[in-house]
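Just so it is clear, A, B, C and D label the chains in written order, and each chain counts residues from 1 on its own.
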């Protein structure tokens, strides 16, 4: 799995701070970005304290994601406040050899062998169907969820914070959690202030909104 | 494949007409819904003529969709101005025996046999992995795109018109086109005025925004 | 101010419960709605405990709102996951006599007089401009924020819960708070289970995500 | 009125082309951005010809807008697939002296005088109410629609193309049309390929989807 930050709004922290500044003061637009780093930090903290999330939307991040399974991409695109471009199995030839092996399979030698053989078989069937004249868009019906894909994903910082809240959680499915942590790592490199408090509620707030007694990290709140 | 209209905004046409009436006149809210069928029809036509689409958003339709492939559901959920609840392969036991066979496969006996055998094998592998202790959420990585799913889908009339425009088109993938036509049939039963002009641009406008020379129905416009 | 629930998804609670049922079980779509009230309640509670909010989107509510100020409507439409139709000041003749008086003005006799005189003057200027040939869409530039408007607003239950969380809060501006409480009252009449835990965080969770020491109801959490 | 492009996705055209390339080919993510300008142009043209709009969403543009009326900002924020931060009349002191005069008023001396006097009066009443102890958030109820505001607005290229389609049209209200043209001018400076076909349908497609006989530029299509 590879997650690469392709592009992002330049000076994302300053951009968010500028929007905050405009809301709270009579600053004109010409000097909106002119402020010291201390002021940028102060304004971002202020937004966080007030729960004023919308200025975080002005900073946008575009990732290329490669080598995630179709099971994972199906989950990811359920976040609707985002933009996606995905390598189409309708148009691009499917390749079952390029796939994701879940850790729970990989660590069981017998399961791993069965899994590998089945994926190889999937590739054979795909190619055989194509050879019989079945169009690519229909041959792909045999491709398993494990087959890998590539996506370009754009989200703004507000939505990213929401995604990290849900998907960095222990309860999230392991593959999307891995994607989320890689995205977060990239974000922190270029916008540490915006993502200072990113992650699951147990890490960020010291609390958990879910009732789930099985979590090793946080026992969950009691039913109300 | 089964598409069932579970619920919808009562009097969807009158509701849309009431919103139009409010925009264009000084009508008070108490009598907003009080008008004859002629007036409802006149207002809906007016909205269409002016390209004023937003009042169509006030009528909402909730469908249960059953027996579509995961390939199809993955496409459907890309329409972001909608609400989805999908049967989870993480929590509900996967069943490869319940799957969709593309017509291009079904009409080639050899392909159909290969396809059926492979799907049966997928079921065996899924169960074998589970028996080895692989959790359900990871065993599903072997399930092919063809495996069927169920969804509850809610869209408003404006978004439905957009979906029908794209997905009832000859160029759309056959399975999502079938879903779209079944949804349209359901909508027309309960709101014929709202969906009078629903469908692909070639049927609705007599024109096609795409340049695609291979369409049997419409030769496509010339490059500008 | 008047808030009237015009239409809503029939059986909103059963609809949400049906979506939950589909996610968590292998229920077919034909019997999806067939369950007792106890089961509806159990499923809605389960969604709430798990923080699984998306099934609440399948229940949609359409309100007519009348007699709110343009200041208030400007705030309301900032909730983007919703549909609005508003009486246009471009097309419908403005009427400054129909306006909202803030309580802080009404309870100060001198302020109330000044306010009333000024609104009357606004009406005169509006009519005078129109008489000079200024189009209605430009004459409205003199109309004050206090001038009243009418809207049709559609939101689903998930977004409504979000709106009630923000706008029923003591810190919300008084007029939009009044609208929110009237909407909540309407919702509770027809879907008490869905809106059982609706309102500001201090009432629902016994906690407040904002740091604001001036709130009479909740002292705010300490800075972390 | 001032419209300033504060920030935008670097290399917006290459970013959109990279997303297209990923959809249509087996390109890996590392070399996704490596292509010549010819290839960028070819891919953007291809997207346009196929009506494949979603890759345009990966390029995001953030504007500062200053000196537009509240009437105009109210219209602008109705575009929901966008992000806004607006100078708050609740927190920032209102200033009726800073306002927008519609051209239809400005060119009628008597109307202009009446308008100016009324706006001056609005400022006096606002200050008088504040002096009586009315909070700023309530005193603003007397401020007319003409009073100017500042906003930070972020939209992606797909939504911008939609906005330009609607708001650069002759039928759009004059002030939002002026904003739209200034935004388009800024966009064209940095992404001429993305916005080559931007503007109203009459200019872009040589056709008009509305039936409106009063347009000087385009007589409108006949009712079907």
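Convention: a residue touches a chain if its C-beta (ideal position, glycine included) is under 8 Å from a C-beta of that chain, and two chains touch if they have at least 3 such contacts.
This is a predicted model, so every value here is computed, not measured.
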Pair in A-B, B-D or A-D that repeats A-C, with over half of contact pairs matching by residue number: B-D
Between chain D and chain C, distance of the C-alpha-averaged centres to the nearest whole Å: 26
Rounded Å distance, chain B centre to chain C centre (Cα mean): 30
Centre distance in Å when chain B and chain D are each reduced to the mean of their C-alpha atoms: 32
Chain A residues counted as touching two or more neighbouring chains: 84
Chain-level touch network, classified as line, ring, star, complete or other: complete
Residues of chain C that touch chain D when the two form their complex: 69-71, 73-74, 77-78, 80-81, 84, 89-90, 100-105, 108, 110-111, 114-115, 118-119, 121-122, 125, 128-129, 132-135, 137-138, 140-146, 173
Complex contact set, residues of chain D against chain A: 2, 4, 6-11, 15, 18-20, 22-30, 32-33, 54-55, 57-58, 60, 62, 64-66, 83-88, 91-93, 150-152, 154, 156
Chain B-facing residues of chain D, complex: 49-51, 209-212, 223
